[in-house]
Amino acid sequence: MDPAGIYRTTYLDDMSIVRTKTQWTILISALILTVLAPFYLSKNLIDVMSLSCCILISTLGIQILTGYAGQISVGQAAFYGVGAYASAILVNDLGVPFIFSVFLSGLIAAAVGSAFGIPSLRLKGFYLVMATLAGQIIIIYLVSHMHFTGGMVGHKANYPSIGPLTFDTGPRLFWLNFSFLLLMTLMAKNIVRGRWGRAFIAVRDNDLAANVMGINVYRTKIFAFAVGCFFAGIGGSLAAHYTGMIHPTQFTLMDSIWYLGYIIIGGLSSITGCYFGVIFFVTIKEILTHLPVSAEMAQYILPITDVAFGVVIILILIFDPKGLNHRWELFKGYYRIWPLGYK
Amino acid sequence: MVDRTHKEKEGMSIDQLKTGIGDVPGHHGENWRLKTSPQLLVENAVMWRDKPALRKKRYGIWNTYSWQDYLDNVKYFSLGLISLGFKRNEKIVIVGDNDPEWWYCQMGAQSVGGVGVGVFIDCTPPEVKYFVQHSAATFAVAKDQEQCDKLLDIKHEILDVKKVIYWEPKGMRKYTDPWLIDFREVLQLGRQYEKSHPNAFEDMVKTGNVDDISCLAYTSGTTGLPKAAQLSYRTLIAWNYALWKYYPIYLGQDYFSFLCPAWAVDQILGFVGCLEQGLVVNFPESPSTVVEDAREISSVIELAGARMWEERYRNLFTRINDADWLKRTAYRVAMSIGRIYVERRQTNQLNLLCEALYKLADQLAFRSLRDRMGYVRSTVCLVAGAMMSPELFTFFQIVGIPLYTYYGITEAGFITMQQPGDIKRGSCGKVLPGREVKITGKENEVLVKADNAMMFSGYFRNEDATKSALQDGWYHTGDAGYIDHDGHFFFMDRISEMMALADGNKFSPTYIESELRCSQYIADAMVVGQGKDFVAALIQIDLKNVGQWAESKHIAYNTYVDLSQKAPVYELISLELKVINARIPERSRIKAFVNLHKEFDADEAEMTRTRKLRRAPLFEKYGEIIDGIYSEADMITVDTEVKYRDGRKGSVRAQVKAMRI
Amino acid sequence: MLLVIQNLEVVYNDVIWVLKGVSMEIPEKGMVCLLGANGAGKSTTLKAISGVLKLEWGEITGGFIEFDGKRINSLKPQEIAEMGIIQCFEGRRLFKHLTTEENLRMGGYLLTSNAEVRLRLEMVYHYFPRLVELRDRISGYLSGGEQQMMIIGRALMARPKIMLLDEPSLGLAPLMVKEILKVIQKINQEEQVAILLVEQNTKAALAITNYGFVMENGRTVLDGESEKLKVNEDIKEFYLGLTQIGSRKSFKDTKFYKRRKRWLA
Amino acid sequence: MNVLMQALLDGICIGAIYGLGAMGLVVIQKSSGVFNLAQGMLMMVGGFIAGSLSVNMSLPMWAAAVLCMLAMALIGLIINFLVMRPLAGESPFTQIMATVGLMSILYGIVMAIWGTLPYIYPTEIIPIENIEIGVVLLSPSYLNGLIIAVVACIVLSLYYRKSREGTAMRATSEDEELAASVGIRVTKVLQLTWIIGSICAGLAGILFGMLGSVNYMMGEIGLMAIIPVFVFGGLESFVGALLAGFIVGVVNMLAGTYLEVTFPGITNVVPLVLMLTILIFKPYGLFGEERIERV
């Protein structure tokens, strides 16, 4: 609901994401604050933020694939890995400049992803989940046993460098990852708002009806998988060059399931939902790992984090099944019509 | 939006207005162009070619028409009218909603030298017939199928109307009557006419004179048939000038037109005011979306009847009541601070603490309340028509909406107006410069004297009425009022409706009624007591609010009749009346009341189109109830005849209870 | 009175205020119809009676429902079903993957002895002979009419005192609708089962019921004997499509503007 | 030749154990439409409970098994009460995520209580010696697995096909609201489902443990093993689960004996590849029926 005094004279104006001056100021000040983060936040925190930027990009992908298109995939970590390995091989072995290798590895992951889209045409619900699960295991098996991916030993990936600039220090990496994150969020937002976004939602809600309406369900599902895995690929390649060393154990089935956790807790079918989900989990992880722990409790620390995680997920699912984003919308709605009870 | 600083140079004096000196085109306050509306339009189209002039909201988007589009449409429409045989000084009747087409038709007719006659859209066919016949209109413009049907019903009685033009073609395909013609066809005729007569339009507009009659504004006719006041361009410009003098207005600011142009307000502001100042006239998408659209535009000036402001207050109040605990307390705290602040400001004992507290209260509730109601950019809001209760007026003052009451009549425009800064509770402000007000006779009738620039040009085809009203320069308004020691004018009531109890004590029913309407549970009321020994009232409960109250008290009810006669509802209303009685002078307090079993409805000639009560027909229609109240009977069976919108008659039998307080 | 609803208020996930004061009375063995446009709250009223609102995050926030003198608005659906209030949902909802026989057995879930189950099965097949040869077919593959018959049969299995039928004529051919409504009337007379019939087909509903209620956005706005309702001005105009002169409304002269509805009971 | 025979027989027995685990999944899916990702962890918990009962408290194996089944019933009750009942009306998607939470909790609990040291069962549940058929040797733990799994399959399918409660469970999974309106105690049905599901998991856990040892890795490996069986079986039928178990068991053993040497670690990938190819041709698994969908 726009504030009073704002009227729209063109459709473009009416569709704008950022609608009023106040929203612009809030957005820009938030961006400046985050870009300046390396100067006032601890080094460790910056590293965590850089890595979570990559995870966020991949979560945007799974949000489009599962949140909007309704195709549940338990293989996001595998495609994330494909992106990582592809970029590492392209840069280190084939000498492709970093900037191309990022998008190339995104495309490679998208190609692999759409290959896994094919079974989704005839499968629904849990059978599809099983297909993607099989995909996850097979990809990780192949990756860890093929010679040119360095097998169980893992693969090196040097620091990203665009032209003369090499991003080797923490803050520089953070800025690179953060700018990619912004670019990808804008891309995701516009895909979701556009024609494809509506096709995704139609297929999610009722693919039979969507088919009758003239939406090529076959092409939409494939495209959904491709887009989802493209984002995963980009995220993966950035993460590869950030960590410098990639190893098959970094892309396990549990990571894929955590991606699902992020979008469910954050809120399905909403781009801001991914942000809520990832930020929420990263903070919880940070708090739990940095707990002041007495000596003899030390050996219990790992199980306790697992139990805590499980409890947190269940509590959120029970009290807020629609996710944090829904809670945020309610909060905004409540204060937009202050002091009235209803519009 | 062009942001011009407001220059404090003294504007044109009144006598300059008369003689027409100072024709230099300018903006606020410098000097006013004394021209007919079409001439102003031609000038504006030259000065501000593709700046926005009109906006119409369709499917959520405000389609903008530039001054050039405005001129083209008016030009081709007027040429079309000429080719259809429209001559100078002829009248064109327009009935419809606020649309750009209404502006084009009226301005088109005025460019030919004709006169626009606005008719309310919810008039029944007989009423439309009266307006068309009385104004001897030769052309009629109807908005859509519904209005065309009305005109077709009375076609045989208005034979001198050559053509009926409609601008909403929906559903009109099947109408083959040659009498009807589409607005776009008239434009087409205009284009062909222009080919054969190049710049005929420009010469025609030049011949226009500022003293020509621009439109006929029908008085609301609470007593007898409505009279048509002729308003010339000069008068309209003078009235505009009297209003805009105190407030900074800039080129390109928005004016929201939602009141039916049949009312004089939009003729003053919508047509002449906007042409003079270069304001953009914005039209709502449809009558039902006026509230949201008004909020989007947040018009610079808003002039509405007291009834409109009451409704806004009432539906705002219910929505605050329904809010949860946190919002309600925030609102109550802010209101208490606001009340103290306004009292202090009136007696100007403001101190810093009070200012700071008010700032806090403003952040707490008032800023968002203004945003919800859509008064973010309003420079001035005026309340007109029947009296508005002071209680309500202070509410809007507290919330920070620049609301001022004024007293004005169709025949003499704005007579007195409150100025920011010197506001007295319940007054209509001081007399505006260039006008004189005199109170005469035992009913202290208000007489107004102003030079003819600021007076209407007599009633159309009603010489004797003009004579009886205008005696040696003093216009007899027929309203009662008084001026207190420091020049503030207080409006009491129309003389014809002033009533006197059996013991001669006089009371003003409209004043009591406006106080009654202040309660959220009373939608409308009619006060009776002429020649009786105490004052009584027929109450029309507000279905929404009383319904909500009943639900919260788990009182089952089905229809309006059922709810209004419930005993607890009577208790509720009597409680409300006790509260209101405290604010009314002792002798004219309400002693008994009845909850009417049906709503007042303009269709049954119980109210005028501007929602004022028609007392004569109501007295005779509800005679049994009124006698019942005074005859100590507490149950009155009544069988009122009801007219459906499409003319069918039905009757409603109901048991109505009378109650003493 | 068998079933009394007084000023019922229902809210869905504590935001959407659906019912705002519904009051109805249904006599023993009465045949009552509930009319109203889509979204007037008819189905919600039925769900409130049969207590399944909780599963749809709906809750009764005001008023009460009394069956045989006992308050039932806070009971679980199972307890309400035990008391003999059986609902047939809108849109012919059934257990798609179970066979017809299994569906009917589920209807009689609360019956204790197998003998009684067989007895009532015979009764259902007596009313709906068509179901006999459909016993073992997966109910998902039955035709619309057959499904509707099976649903009413399933309701009959549970020894009902009152049956709440939600638009049984939805999507059925006119012939089938006549047949179904005739059977419902027969059940009401022979089995002494009260019927609360929610129906869009106003003409048919008023024909077979003796009392009717009209609902509009969450509130009962009008009630009366079916004969009285047939004659009411606004019912004729808005539900029966008859213009002032009582004849059938011809679509040739429909206006694109709509006349305001005025409930002047 | 006899190596092949040995592999086939062993495959069938191990497959039966996988089938039993899958049956637990089928019970929960059949009645509440939720695919329980925490089934592997439940099996591990069952295994450890039986382990500590038989090893630490040196109870006879069959007693430990019975007690473990009781404990699992209790665990199933708690899970249903704390997690599943509040989420009853939610979309299955959310409920699956809840099982992920459960998986993490159970893993944490096991690590906290039993740590990483494995347990080895002293004896089998049904004390029988080796049986030789011709040249092939059938060890007791394999036989145990086969017998218990077949018995469980018979009991469960009869229960679901014929009894009143069974049909009620199938009805509830289709339409909770409708089931409630007919008088079925929906909450009781859910509770019963999770109890049976957990008991199956417990039993499967013990039998799994017998093959090798009960260790903290069993949760993940268990899940990977029973998923292809569950999918082949078509989510809905117990017989399907058992037969699918045999197939997967055999494939696993064959892969183990022949392919393992050339591609290390292939054994747990082969069933998944097999599952993927099967799914493309038969989208509802070998024995599943087509879901009826009306728009």
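Letters are used for the chains, namely A, B, C and D, taken in the order the chains are written, and counting of residues starts over at 1 for each.
Note that a residue touches a chain if its C-beta (ideal position, glycine included) is under 8 Å from a C-beta of that chain, and two chains touch if they have at least 3 such contacts.
As the structure is a prediction and not an experimental result, all values here were calculated from the model.
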item	value
Touching chain C and also chain D, the following chains	none
Of A-D and B-C, whichever chain pair has more C-beta contact pairs	A-D
Inter-centroid spacing, chain D versus chain A (mean Cα positions, whole Å)	33
Distance from the mean Cα position of chain C to that of chain A, given in whole angstrom	48
Euclidean distance of C-alpha centroids - chain A vs chain B, Å	57
Chain contact topology (line, ring, star, complete or other)	ring
Each pair of chains that touches, named by its two labels	A-B, A-D, B-C, C-D
In the complex, chain C residues that touch chain B	6-7, 9, 20-21, 23, 62-63, 219-223, 233, 244, 255-257, 259-260, 262-265
Contact footprint of chain C on chain B as seen in their complex	144-146, 149, 170-171, 550-551, 554-562, 598, 642, 644-646, 648, 650, 652
Residue numbers on chain A that touch chain D, as the complex places them	72, 118-119, 122-127, 129-131, 133-135, 137-138, 141, 145, 206, 208-209, 212, 253, 257, 260-261, 264, 268, 300, 302-314, 317-318, 321
Touching residues on chain B, where the partner in the complex is chain A	55, 57, 60-64, 282, 295-298, 316, 319-324, 327-328, 330-331, 365, 368-377
Touching residues on chain D, where the partner in the complex is chain C	88-89, 164, 167-168, 170-171, 174-186, 289, 292, 294
